[in-house]
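Have a look at the structure that comes next, please.
When the chains are written out, they are named A, B, C and D in that same order, and each has its own residue count from 1.
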Amino acid sequence: MMPTLLVLPALIMFAVSFVKNDKAKFWLPASSFLILLPIVKLFLLPKPYALIGNYLVADRLDTYVLLVSSIVGIGVTLALLTLDKHVKVSQKAYRRFYRFFAIFWIGLTLSILSNHMGLYWIGLELATLSTVYMIKTNHTPAAHKEAWNYMIVGAIAISLVLFGIILMYASAKPILGEEAMRFDLLLAHADKIPSPFLFEMGFAIATLGMFVKMGFFPMNLWLANIERASFYPVAALFSGILESAVIIGFFRFSQIAEKVNYAHLFGFVFVYTLLTIFIVSFLIFRAKDFMRLFSLSGVEHMALIALFWVSGGTFAALLHFGAHAFLKPALFLSTGVLESNGKYRIAGALRGYHGKKGQLFWVLVSLFLLAIISLPPSPMFFSELYGFGAMIDTAKQSHHMLAMIGAVLLLLILLSVIFYRFVAVYQSMKYEGKTEEKKVYGSELAALMLFALCLIALLLPVSIDYLHTIGQG
Amino acid sequence: MIAYLLTIVLLLLIAPLLPSFIKALKMRLLFKKPASIWQGYRNFAKLMHKETIVSEEASAITRVAPFLVLSPLLVILFFLPPVVHGAYYVSFVDAFTITGLIALSTFFLMLLGLDSASAFGGMGSSREAFIAALVEPAMVLTIFSVSMMAGDLGVGQAGVNLAAHFPKEHMASFLFAAISFFILLIAENGRIPVDNPETHLELTMVHEAMILDITGIYLAIIETASSVKFVIFASLFASLFLPFGLDYSAPVAIGVFMLKLFAIAAAVALIEVNTAKLRLFKVPNLLGIAIVFAFLSLITFYVLGA
Amino acid sequence: MFQFDTLSMVFTALIVLGSIPNLFYSQGYLPHIERKAHYLLHYFTFIASMIGVVVAANALSFLLFWELMSLTSWQLILTEAKSKKTINAARFYFFMTHFGFVFLLLFFLIVTNGDLEMGFSAMHGVASAFAYPTLLFFFLVLGFLSKAGAVPLHVWLPYAHPEAPSPVSALMSGVMLKVAIYGMFRFLFDVLYPWPLEWGVLILVIGSLSALIGVLYALSEHDIKALLANHSIENIGIILIGFGMGMIFDSMHLKVLSSFAFIAAIFHTFNHMSFKSLLFMGAGSVLHQTHTKNIEKYGGLIKRMPVTALTFLLASVSISALPPTNGFLSEWMIFQSMLGSSHLDNTSLKLAIPFAVFALAMTGGLAIACFVKAYGITFLGLHRSTNAKHAHEVNFLMRTGMLLMAAVVISLMLFTPWYIGQFDAALVGLGHTSVYARLFPEGIWQLHSAGMHGGVVSPLILLGALLGVTALLMFGYKALRVKERIHRTWSCGYRTGARTQYSATGFAGPIRRFFGWLYKPDEHFHKESIAGHGSKFSDSHYEVHVKPLFETTLYDSVGKAANFMSYWVYRLSHFEQTRYAAMIFNLMLTVLFSYRIFAHEFSWATLLLEGTVMIISIKVLIIGEKR
Amino acid sequence: MGVDFLIGLFLATLITALFTSRLYRLIMWYSLNSLMLGILALLIGQELGDTAMLITGVATILIKAIGIPYLLKYLSQKFHFVRQIQPEVKVHYAIILIPAILVFTFYLAEPITHMIHGNANYVAVSISSLFLSLLLMMEHKNVAPKIIGFLSMENALFLLGITATDGMPMLVELGIFFDLLMAIVVINLLFHKEEVKS
């Protein structure tokens, strides 16, 4: 019952996409709200709650991630209503977009809720493949090229993940048998794995795959290029839902790896993310259009989340994750308006809005822009404080304290490079350039409002308590 | 107390005398027919009877500034070291306050120069600001150095202490301070080689340029202020660097003090006769020497204790 | 969350004193601001966040309010963003303040062990257990001094403050910088106590340099608000000299002198708040009337704007540290504390302190020159532009603001003992010795130095004497009933005009020439000569600009380095467009190899091997051969 | 014994594919590669008596060794692929690289030899075939050989799954097959879209 309810909105979407009626699309946002019902129910149920045997299990972590990604899904369906107002898209392609969006959503819901490495991978692969088609909806040569690109790089990345999963499975099979695919059992028996090196190799390969998929070093620009070439909701889906699914995999794998050998895990992730942020910060320093800017900043934030998580700042990582998952789709969705009709101009993008809707729009976008560089009172401000706190705490217990504090300092300076660029972009958007009239539609505004409300909700004591319990549990 | 007040009155009275004395001495040294040494009083009396012409462009500053130029200097007179042993003196006022009061007077003088919208006034103020900026640090350093040798930061007390115990063990820094202070005396009072009080040529004027548009009683006040300033410097020099002769009975001591003042004036006159006025941009070299000596004096005292 | 000890309350009082007159002024200024809602929202949040910072009781709320303060002040600078200059200044400001925040963040994370809700006193234990306290000190100094604008982190100040609306400039320069000073007090005392001697010397040297450099660049400035901003650097330097002396004395166990120096520093903090706010308000009023910040376009405003001129004069006298003003008193205290050090037996101190004395004295002289220039060129003489000719006194609210701030200045002058009593209480709250009784042993009339054989100053007597003598003289003048005649200024037979007056550039000319080696001025001289004569010309134009040395060396090269780096990173990243498979291949190779080496068995030989293999592989597979 | 032999053949077909410069030949090598994998699965499945693995083996042979190569050939004819595919990495580099990769993976797998009861070399071979597939992908600029590279990567995965873990859970294997099919559908669609546009 519960699993059906969870994928019901996606199924409805899939079904509606075959209806050749223009008005049918209005059903989608309404139906997508339905997903909140089973999720609320999930929150109330005792955890872990088995949805389908041991395959799909809802625990505290994935319920939260599911909620976040579902809200993004709702937001995107809202914003999709007026996609055709901003970009050229045929009715047929539009419906196909919905169809593959539905598959994508189902795949990722599966991934997020899975308690099984294999299922997790299957969901991810399903989502990856369906994305290819979503990219293709845009009939431009660039989109075509990027779709292939995504197909191949995505396939490599996802194969690496599977390869890693098999290695990890192989390492634990002697003690767990076929059950070695289950996250919870692996976690429970992590310290008894007979060949930790094999596990670590598997973990390294799987993590590499996931990192490539999230655009970490050295593949920093591919996601940006793809998001540039495709319609803007794709970028929102990537940053909100796909990355949620990938990062929850990383969370789970690293939880196990932490028990196998914490020092190795930390060293690996620390060096890798530092490298990533180094590259990304300088790429951002030169970024000249919104998509690239936001996409690169997404990479930066994912790297930070990974770093916080392995440093023991689970609360910080989850808060940061939530904030990012709300902020980034909101920004990506607003690029549809900011770059009205394909003009990628940054200067003056926040000018030329009239009426209540316009005013509200630019205020919201400004707030999101400032929140993404973790200015208070954005949740990111707090998550970065706690995250870096966790890092310093780890640093103090290590043998290389000064080196690690130096690394954190470097990291913070790199982040301030990004900060500088964002400030420059924001000022340029608001105070420079010509004023051109731009139109904002209610549906987009509703999506942005939804994200804004969720951001506020993240800071409520209830949610903070919940996130704290995930960290402890 | 009587000696104290008497000294102040006396200093005030001889203030116009000293510049006239220097002028007369100079003229004699140059084999000219000397001007009367009472010329200062005559000028004062003449100016007191004249009407005041106020510039059309000038503002309220012109009407207030002359008083504010004079009053800090008058206040300083009360803080000088005693000239007679056992006389009342204000012991505590330190170098920074005295320098500050002099600077306050200069500040309003410079504003006065700028007020009349004349090119001369601005020029004078600009040059004065330049010179004052370099004089101030040297002066603070010098007086502090001496005060510390004397063992008290209050200038009055320092004068007394120096008279009681001449700092033979700190002769080096004492000498440095004396040289520095003498240069400052010349610079602050606009004597050759820093400024020429007798010229009205725009290339050379500093002090005179500022007060070119001041007339009548205002001019009298400003002139008094400049002579009071000379007296202050001269008596500071006399008390701090020539600290002897206080032990005589009051009239003799005062006489010795007056002699010292005239000796200083004579020294200034001698220097004026023997040097040419420096170009404005050479002035920092001279003041640089003062600053270096002042700094050396402090450092020598601090680090070497000599 | 919040705490209200004496130090916090003292600084809250500072903020309140700085803000209340500003509120009036700001209200008067409001009609000229287009985005009123934006302005008001950020303005009030700004004030509230400053108060939030000084009463915060844990790292979390401190950092929150701190960043909020930066955010709102940044937005306030952008209130009237019309020109590229404003936008660049705002960006630079925000970046610098964030840069400082980074260090503060690190500091707090280290001293709280990541538990940000820890109180300040609990941090002390963590900090003393930390192996490298000097590192913490450096973080703290970089964090707070970048906000306070001490050398070499001062470069943003002369850009940011002039671009903000005038009430905000007054708040930023007058009040916000002091919040950083509060931070220094709070965390050096509560968390990092006791201090090694070197820390104090460092602060002293930074302070001396800031004081000198600030005033020197102020002199070369023609933009009145930038001039004032440069003076803020100078005054922060003076405060830091006092602060450094306090630290030095404390590490030498001279508790009384230490308290004295700290009190001097706080007192100067208050004084600077009062007169700098007043000066910025005055400058704002002038700007408001003449629509230019260029000092060369002013002149003669005293006749048109008497209230502004009078208050500006008061503030100018005070900031120039001339007796008997409050500015003089605090500098006097700092001087006295430095001279209390004559018997300290430490060679580095014996060299550093005379240098600081010299710097402070030099600063005083140059500050006088600078304010004669600022006041004389702005308010005296003839108007140099049409706008200046038609200027009027500003509206009632703005005048009220200025007068109220003038009242604050005067109150600091008159009620020095009371204020010092409060500062003393704050220091006692921080665990220092009370020195109030030593400073005022004979009642409120005389302020004694805490040092041995220290000097004494009696602000009230001095003020009374000066006022008395002046009044007497003026009364005498009145009694003489002198005849007065009004006449044009004589200018060698030519007509007196605005163009024959001395300009600000000319005024500062000698000093600029003397310090030419430091300024390296950028001169533009253009002359239309007649018939080839060098000395005869119909038209000429002379302009001189001074770009700060630190900016041209330090900041520009950092910017260049960032550009260079990003260029190469960008070029490298573009390999992934065509060679993604090779990238992933090499990445896998590196990661697995490293895991093998680091996770299984480590040896330098294999590490070297890995390096070699990776270089070859990257060369062959990614970079490829040159075409 | 037979298992080792088949693995050797699997690797050999993959390496040969690396040097191929014709598309159809490449497809054939891929088909042979998949065939080896299928036979391997059947062999091991029979040894272990694992029906799931037998099914996998049959499916591998049907889909990967016959179905996909056929489909690819069909697509290439339909959409006129470039059939002359010159590897970008020069042969003399490849000659050094391939043994280097093998040596490296054996060195990599050395620590696990005494950790697991199975043969650690299987893991090594699987990883090296993963690397070789990546090499195949980076050698070619055209899309078709890249797809084959991706498919051989899938084969490397299966090899690992079959040899190192003695078979994965049925559910996972089916899932992988399902995804593979979907990948083919998407590839087909992508080509079709290209057709429609041009």
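Observations, loosely collected:
Going forward, a residue touches a chain if its C-beta (ideal position, glycine included) is under 8 Å from a C-beta of that chain, and two chains touch if they have at least 3 such contacts.
On a predicted model such as this, the values are computed, not experimentally measured, just so you know.
Closest to the protein's overall CA centre, chain by chain, comes C.
In this assembly, the chain whose C-alpha centre lies farthest from chain D is B. Across the assembly, the chain pair joined by the most C-beta contact pairs is B-C. Chain centres here are Cα means. That of chain A falls 43 Å from that of chain C. Distance between chain centres (mean CA atoms), chain C to chain D: 67 Å. Put simply, the C-alpha centre of chain A and that of chain B have 78 angstrom between them. Chain B and chain C, compared by their mean Cα positions, are separated by 35 Å. Residues of chain D found to touch two or more other chains are 108, 111, 130, 134, 137, 146. Shown for chain C are the residues in touch with two or more other chains, namely 581, 584, 588, 592, 600.
Of all residues in chain A, those touching 2 or more other chains are 152, 156, 160, 197, 201, listed in ascending order.
This structure has the following touching chain pairs: A-C, A-D, B-C, C-D.
Per the touch definition, chain D reaches chain C in the complex via residues 89, 93, 97, 100, 104, 107-108, 111, 127, 130-131, 134-135, 137-138, 146, 149.
Interface residues of chain B facing chain C in the complex, by the touch rule stated above, are 48, 51-61, 64, 67-68, 70-72, 74-75, 78, 92-97, 100-101, 103-104, 106-107, 110-111, 113-123, 125-127, 129-130, 132-141, 144, 148, 151-154, 212-213, 216-217, 221, 280-281, 284, 291, 295, 298-299, 301-303. By the touch rule above, chain C contacts chain A in their complex via residues 60, 63-64, 67-68, 71, 74, 78, 81, 84, 86-87, 90-91, 94-95, 98-99, 102, 105-106, 109-110, 112-116, 130-132, 135, 562-563, 565-567, 569-570, 572-577, 580-581, 583-584, 587-588, 591-592, 594-595, 598-600.
Across the complex, chain A is touched by residues 108, 111-112, 115-118, 123, 126, 130, 134, 137, 143, 146-147, 150, 153-154, 156-157, 160-161, 164-166, 168-169, 171-172, 175-176, 178-179, 182-183, 186-187, 189-190, 193-194, 197 of chain D.
Against chain D, the residues of chain C that register as touching in their complex are 579, 581-582, 584-585, 588-589, 592-593, 596, 600-601, 613, 620-621.
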